[in-house]
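Order of writing sets the chain letters: A, B, C, D and E. Residues in each chain are counted from 1.
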Amino acid sequence: MGYKKIKKDQLNTFLSELSKDYTVVLPSRSGGQVVFAPWDGKNTDFLDWYKNTIIPPKALFFPPVEEMFRFRKGEEGYEIEELMPDKRQQIIFGIRPCDARALKIIDMLFADTYKDPYYLRRRENSLLVGLSCNEPCDTCFCASLDISPGQSEDVDILCTDVSDNLLIEAISEKGSNLLSEMSGLSDAGSEEESKAKEMRKSAKEKIARQINLSGLQEKMRSNFENREYWEKASKKCMACGICTYVCPTCHCFDINDENRKKEGKRVRSWDSCKFPLFTRMPMENPRHEKWRRMRQRYHHKFEYYPMNFGTIACTGCGRCIRECPVNVDVTEIIGGI
Amino acid sequence: MENKLKEEARKLLKEGKVDYIVGYGKGTVKFRTSPLITNKEEDIEGLVINPFIANNLSRYPAEIKGKLGIVVKGCDSRSLVSLIQDNKVKRDDIVILGVPCEGVVDIKKLVEQIGADIDQVKEIDKEGDNLIVKMDGSKKTVLFGDVIFDKCFGCEYPTPLEYDILLGSEVSPRVELEKSLKKIKEFEDINAPERWRYWKEQFSKCIRCYACRNVCPACFCERCFVDVNIPQWITTYGSWQDNLVFQLIRTLHVAGRCSDCGECERSCPVGITLRSLQRKMVEEVKGLFNYETGVDKDAPPVFTHYEATDPEEFIK
Amino acid sequence: MVESSQNENIEILTYSEVEEVSGYIGNFDVRIRKKARLVDMKKCTGCGTCYQKCPVKVPSEFDMETGMRKAIYIPFPQAVPNVPVIDKVNCRMFTKGKCQICQKLCQAEAVDYEQEDEVIEDKFGAIVVATGYDLFDASVYGEYGGGRFKDVISGLQLERLISPAGPTGGHIVRPSDGKEPKNVVFIQCVGSRDPEKGFPYCSSVCCMYTAKHAVLLKEHIPDVQTNIFYMDIRSAGKNYEQFVQRTMEQYGALYIRGRVSKIYQRGDKLIVKGADTLAGSQVEVEADLVVLATAITARHDSKELAKILGIPYDQFGFFTELHPKLAPVETVTSGVFLAGACQSPKDIPDTVAAASGAAVKVAALFSGDFLSMEPLVSTIDTSVCSMCKACIEVCPYKAIQEEEITLRDGTKKKQLKVLESVCHGCGACVSTCRSSCIMLKGMTDEQIFEELMAVAQ
Amino acid sequence: MEETKWEPKVVGFLCHWCSYAGADLTGSARMEYPHNIRIIRVPCSGRIDPMFILRALQNGLDGVLVSGCHPGDCHYQSGNFHARRKFAVTRKLLEYVGIEPERVQFSWVAASEGPKMAQVVKEFVEGVRKVGPNRLFKDEIKDGE
Amino acid sequence: MMVAVEKDKGDSLMEGDNVYIPHVMKIEKVIEETQNIKTFHFNFKDETQKAQFSFKSGQFAEYSVFGVGEATFCISSSPTRMDHLEFSVMRVGKVTQAIHELQEGDEIGFRGPYGNWFPLDSIQGKNLVFVGGGIGLAPLRSLIWNVLDNRDIYKDIVILYGARSPADLSFKYDLEAWDKDDRVNMYTTVDRGDESWTGRVGLIPPVLEEIGPSPENTVAITCGPPIMIKFTLQSLEKLGFTHDQIITTLEMRMKCGIGKCGRCNIGNIYVCKDGPVFTYSQIRNFLSDEF
C-alpha cells in the first residue's frame, strides 16, 4: 500500500471527516494536563507541543474507574444489569509506538483463558492511528526494547510528521480499508518517504537512555533471593501508586461494590502492587515490606510476563521515571541486577 | 556547600555516629535530584546541593530505623521538628545537616519562561541571582526569582531552625507573601458554587495513586484512615466525591503539621492544585491559634492541647 | 482521733507528706515521705519532760500565735500519737549546734538527732483527699488595722482563747494587755464575698461560729456586749436560724447590718467606725476586742497536691468534684475522693456527711474484687497504631498508658493500652486518632456510620 | 419525595450530657422545634470527627448541626475545648472549598438551656432552607441550579 | 511419580461472554459450625443454569454480597451430590461479616467455578491421607465425600482433622459420619482440650507422626492455616513422603479469580488460575522466601 500524505493544515478536514462515524480522541492539554480527550472539532496544534500523555492510552480501554454492572433488589430478588461500553467506534489519533506496543502486550493478558469483556469490547471498537516520534524524551528508552520510535506494527495507521505535511501509511488491514474510503489524501512522493525514513533513523539515535536486558531472566532468577539488593533499591521508594498507574503495561485492578444495600454498582478500579493492602490477608501479608513489593513489580514485568506471554511487559515509555516523585529509575534497578 | 556536606557526612559515617546518611543525590532525569540513602562511604561522593533539591527528606526518619544523618532545607526541617513533636522521631536519633535554602527551581515555571521543552535544555547553572539556561546552540538567562516554587516566596524560615551542622551561612527570608498566596487569594475571590465546581473538576482527575499521602512527612500513619473498611467511610475506587472527601480529611489531619514543602502538589501526576488546600490551612492555623508548624520542638502538637481563649465566635 | 489510732485497720502517718501518686483506681502506687521527727516513736513514753524543759519558746501555729510552744512540742495536749516533734528551724541544737537538753533528760533515750526521713512506697486502692482549708490573712485589709492592732484577732484565734486547752486556759483576755474585754465587735465577711480580694464566694460557716462566739462570750463574761457587723446572716442549717435568734434575744448580741469602714486605736480602746444600713446612720463602737470572721481559702499548697494526685482544681484552689450535684465526693480521676473543706467551704455537719460519703464510696469500690464499670470504654488496635501518642495528651483522665510487651520472638515492643477502669468513654481519643485505630465500644465509628446512612434514607 | 415542597433534612450531633439533655428538656417543656432535624447522640462533642460532617453532606443531608457543652462544664473536662479547635479549622476548610457556611453549624447548649436548643435548631433549619437543597455531592450539577 | 495437575480449563466457563457477572443464588440452609465459622447450603434459582453447571472438588468460586463486596471460598460440597452446593466462611473481614449476617432465603452472588482441582484420576488406586486444620477441612471435605461416593477405587483412607479447641471443631456431623464409617480411619485432635473433651489432645504434626501412615503408594492432601501446613509438611517429610506425594491448596488473596487482577501472582503462576491445588514439589520450585 503506497504512502499517503496530507498537508498539516488540512488535518482539520481529515479529522472532521473521520469524526462522522467515529469519535476522534486525540491529545489535548485544555485541562492543564496532557491527556487523550475527544476532539473539540477545532484545534489540532498538538503536533507542535505533543510529546506523550501522562496517563497512558491504556486508560481509554482500562479506565481508572469502570462500572461493571448494576444490581437492584427487586421484589423477587436481585436483578443484574450489565453496563457494557457503548457501541460507538472510536479513533485514537496520535498514539505513540511505545503505547501501541503496550496495548498489544496487555491484550494478551486480558484475552488469556478468560476473556475480559469490557477491555476487549473497547479494543475491538477502536482504531489506533499512531504518530511516530521525532523528538523522543530524555526519559525514553524504547530502543533497547526493540521498539523503534518511528515505526510501529501495533497500530492500524501510522502517521509521520514530515515538517510541513503528514505521511500516512496503512499498517493493518482495518487501517487500509479506512484509508481507502477517505478522500482528500494525495499520494506521497518518494522524497517524503526518504525524509520520513531518515527522520525515523535520527529519532532512534536520539534515544540516549537504555536498559541492559542481556540474559536478564537468569540474572533476575538468581538475584531473587538477594534481599540486600532489593532493600537498597527500594529504600527511597515511597510506595505510592504512580509508577503502576502511569505505566502503559500495568493492568492490576480491584473490584468493589458501591456502599449501598438496596441498589448500586460493582466497580472495577486500578490497583497497585505497591500498596501493602494489595496482598493483605486476614492472617498474614506475604508482601508487607516495601522491598518485596518493588521486587514483585519488576519480576512480574521482566521475568514472569515473558515466561507466560513471551514478551517483557515494558515498552520503555519512561513515564515511571519521569513521574516518580523520588526519581526511582527502572533502568538503574534492572541494570544493576 | 556541597563539599562541606560530603566532609561532614563522611565524618559522621566514619565515627559511626549515624547508620545512614539521607541526602540528595544526582537524579537520573536532568535537573532533578533523587534521595540518596546510604551507609557506605563511597556513595557519599554522590551527594549534591543544587537549586533542584525539591524532595522533602524528613519523610524517611519515620520509616528507617536507626540513627540518621539527614540533609534538610528550611521547610523540611520544620517537618522534621513536627515529627519530633509527634513522638515519631527522637531528636537524638538524627543528626540534622541544615541547608540554608535560597529557593528551589520549579521546572514547570522554567519551561514556561524559556518557552522550549525541558528535553532541549542541556545545562542550567546559577550565577548570582539569575540562571543561565544552555540549549544546543542558544543560551537564555532567566531571573532565579521568577522560576522558584510559589512556596519559596512565602518562606519565613529558609535557614533550618533546628540543626546540628549548618552547611552554609544564614539566608535572609524572602517574605513575599502575596506572591506565595496569589493562587489562594485568586481562588477565594470566586463565589462558593464556582469554587465547589473547581474542586469537583480537580478531583475527578484524581486516580488515587496516594502519592500526595505517601510523600507527605506529616502523613506517617501505619494504616491510613482510607484503608479502614469497617466502616467504609471512603470508597477504594476513585469517584470524585470520595477523592474530595479523602483530601479534605487528609488536609485536616495535616493541618498544624504542614510546613508548606509543596511536595504534594509537585508529586501529583494529574496536577491537582493541592497546595492551595494545604497552604490555606497553614494560614488558618496561624490565624486561629497563632501556631506555626515545626518552629518549637517542645511545643505540643496544635490539636492535642487547647487554650481557654481559643476563638469561638463562630459557635452560637 | 484516739479511737482511730487504736483500730488495727487504720495506720496513722503523721508528719508525713504524699510525694508521688501513679497508677489508677484500685492500683495506686503512692510514695509517702515520713519526715524525721527526731524522736523515736517506739521508745517515747509521752511523759512530756522534754517539752517542759526545752528552753526555746516560739509562737504556736496551732494556737494561731495566741500562745507559745517549745522547739520540741506536741501541737495540742490530746495530740495523737502523743509523741513530740523537734522543730529544726528553732531548735538550738540545729541553730547553734549545742543544747541537747531534751536528749539528756529523756529517760527513754527516744531523742535521736540523726533520724532520717523515711520513704514509704505502697499500693493503695483509693485515695480520699481531706486536706482541709487555710484561713485568709486579714492583715491585707488596711481598714481593719492591717494586722497592726494586737486586739484585732481572727475567729480561730478567739476559738483558741475560749478553749480550756488553749493558751489562756479558757479565760478570754485581750492579747494586748490581758484584760477582760467588755465590749467586743465581730466583723463578718472579712475577705469572703469580696471579688477584689479574689474570694467572691461565701465561706458559709462564719455567721454560725460568730453567733456561737457571741453566746460563749456572754457565758464567760456575763456583762460583755457583743456587736456583730454583718451583710446578711447565712443560717441555712438545721436549727441554725433559731440559734441565731436566741443569740440576739437571750444573749443580747447586737446585730448591726452594715460594713465597717475603719478601725483605729484611741488610748487602749479600738474605735470601730461603720454604717448601720437599717437605721440609715453612721455607727461608732468603742471596742476592747475586734474579731474578724476571715474567709476560708484553699490550702496554700493545694495546687501542687492536685498535680501530684492528677485531679483538677478550680481557680481558688479548691479541688473540683466530678459533678456538683450528682457526684460531689468523687473526682474526675476515678479512685480519688474528696471530703470536707478541701472541696469547698463547709461546716462540720456537711464535712461529716462528705467524709462518710467518701468512705462509703471507697467501701463500695472495695466490696467486690472486680470493679463493675459502664462498658463504654475504648480499645486500641496496636497492630495499626503508629505511636504518635496524641491520644495520651488528649485523654482528660490519663487513661491511656504506654506499656512494654515481649513478642513471641523475644523482642520488646512498646505499645499503648487503655485502662478500662479509668476510661470514661468520652471518645476524645477516637476522633483525635488520625489512623482511626481506637474504637470506643458502644459508640463505634461503624454505629455512627450506620446511623448516618439511616438518617439520610 | 416529590420536589414540590422541599423540606430540608438535617442531622444534629448532640453531646449526651448537655445538648442531648437540653433537647430532652425542650421536649419535656413542650417547646416546639422543627421536625426536620434527626439527632445522633454522641458521648461528647470531642467525639465528633469532621468525617461525620462530610459523610452526612455526602449522603445528601442538607445540613449538619454539631452541639456540645459550654466550655468549662464539659462532663469530660476538656472534650469541648479540643472539639472547638477542630471545628474552627474544619469550618474554615469547608467554607474555603465552597460548601455554604449555613449548612454546617456549631453551638454550645447546656443541659438547662431548653429554650436555647429550640431556638438554635429553628434558626439553623431556616438558614438551611434559605440555602436550598444539598446538591453538592450529586453527579449531575445542572448549571441552572 | 509426578502428579500432573492440568493447567488450562477454559471449557467450564459458564456465563456467555461476561465472566464478571455473578449468578444470583438462594441460600437454603445456614449451619453454625463454630462461633466464627458458618456453612451455607445454596442453590440455583433457575433450573437451566443448574443443569449446565458442573465443578470438580478443589475448585473455588467468588461469592458476592451485593453492596458489600466479593470474597473467595472453595466449594465445600462434593460434585457427586449436586442437589445443592455448600461453602463455609470464617468471619474475619467486611465481606465475611456481611455473609455471616445472611439468613435462609437471602440471596448471594456466585461466580465460578475457578481454579484447578484435586487430581482425582491420578490418585486412583492409592492410599489417601487427609490432613485438615480448622476451616481447612472445607476444601478437603468436598474431595473426601467425592472419594467416599466411589470408595472402592481407592485403597485405605486416613482422615486427620485438628482444631484449636473443641469449640472450634467444625463439620461435627461429618466427623461423626466418618468416625462411624469403617471404610475410613478417622482421627480428631484439638490443640487444647476442655473439661468436656474426651478425644485426643495435641497438635496435628505430632499426632500425624504418631499415626504414621506409610508413604508407600500413598498421596497426602492437606489444607489449613499457613503455620499448620508448614509443620505438617515437615512431619510428612519425616514420614518419608516425597514432595510429589503431597498436595495442598495455597492461601492467597484473590479478587478476580480468573488470573487478571494480579493479587495472587507468585512467580509466573496465578494461584487462582493455575491453582489453588498444587503439589508440594510445584510449590517448592516457584516459591521462594515469599512464604
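As a convention for this text, contacts are C-beta pairs under 8 Å (C-beta built on N, C-alpha and C of every residue); 3 or more make two chains touch, one makes a residue touch a chain.
Quantities reported herein were computed from a predicted structural model and do not represent experimental measurements.
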Listed by label, which chains are in contact with subunit A and with subunit D?
-> B
Between subunit D and subunit E, the fewest steps along chains that touch one another = 2
Label of the chain whose CA centroid is most distant from the centroid of subunit A = C
Chain separated most widely from subunit D, comparing mean CA positions | E
Any chance you could check whether B-E or B-C wins on number of contacting C-beta pairs?
-> B-C
At what distance in angstrom does the C-alpha mean of subunit C lie from that of subunit A?
-> 79
Between the Cα centroids of subunit B and subunit D the separation in whole angstrom comes to 36
Between subunit A and subunit B, what is the gap in Å from one C-alpha centre to the other?
-> 31
Between subunit C and subunit D, what is the gap in Å from one C-alpha centre to the other?
-> 44
Note the residues in subunit A that touch 2 or more other chains, in rising order.
-> 254, 256, 258-259, 268
Two or more partner chains touched - positions in subunit D = 55, 78, 82, 86
Multi-chain contacts in subunit E, i.e. residues touching at least two other chains, fall at 93
For this entry, which pairs of chains touch?
-> A-B, A-E, B-C, B-D, B-E, C-D
Of all residues in subunit B, which touch subunit A in the complex?
-> 27-30, 32-37, 55, 59-60, 64, 117-119, 201, 205, 207-211, 213-215, 227, 232, 235-239, 263, 266-267, 269-271
Quick one: which bits of subunit C touch subunit D in the complex? Just the residue numbers, please.
-> 312, 323, 332, 376, 394, 396-397, 424-428, 430-432, 440, 443, 445, 448-449, 451-453, 455-456
What part of subunit B is in contact with subunit D in the complex they form?
-> 188, 192-200, 225, 233, 241, 244-245, 248-249, 251-252, 255-256, 277, 280-281, 284-285, 288-289, 302-304, 306, 308, 310-312, 314-316
Given the complex with subunit B, which residues does subunit C contribute to the contact?
-> 384-390, 393-394, 432, 434-437, 445-446, 449-450
Using the touch rule from the top, collect the residues of subunit B that touch subunit C in their complex.
-> 86-88, 220-225, 228, 230-231, 233, 253, 300-301, 303-305
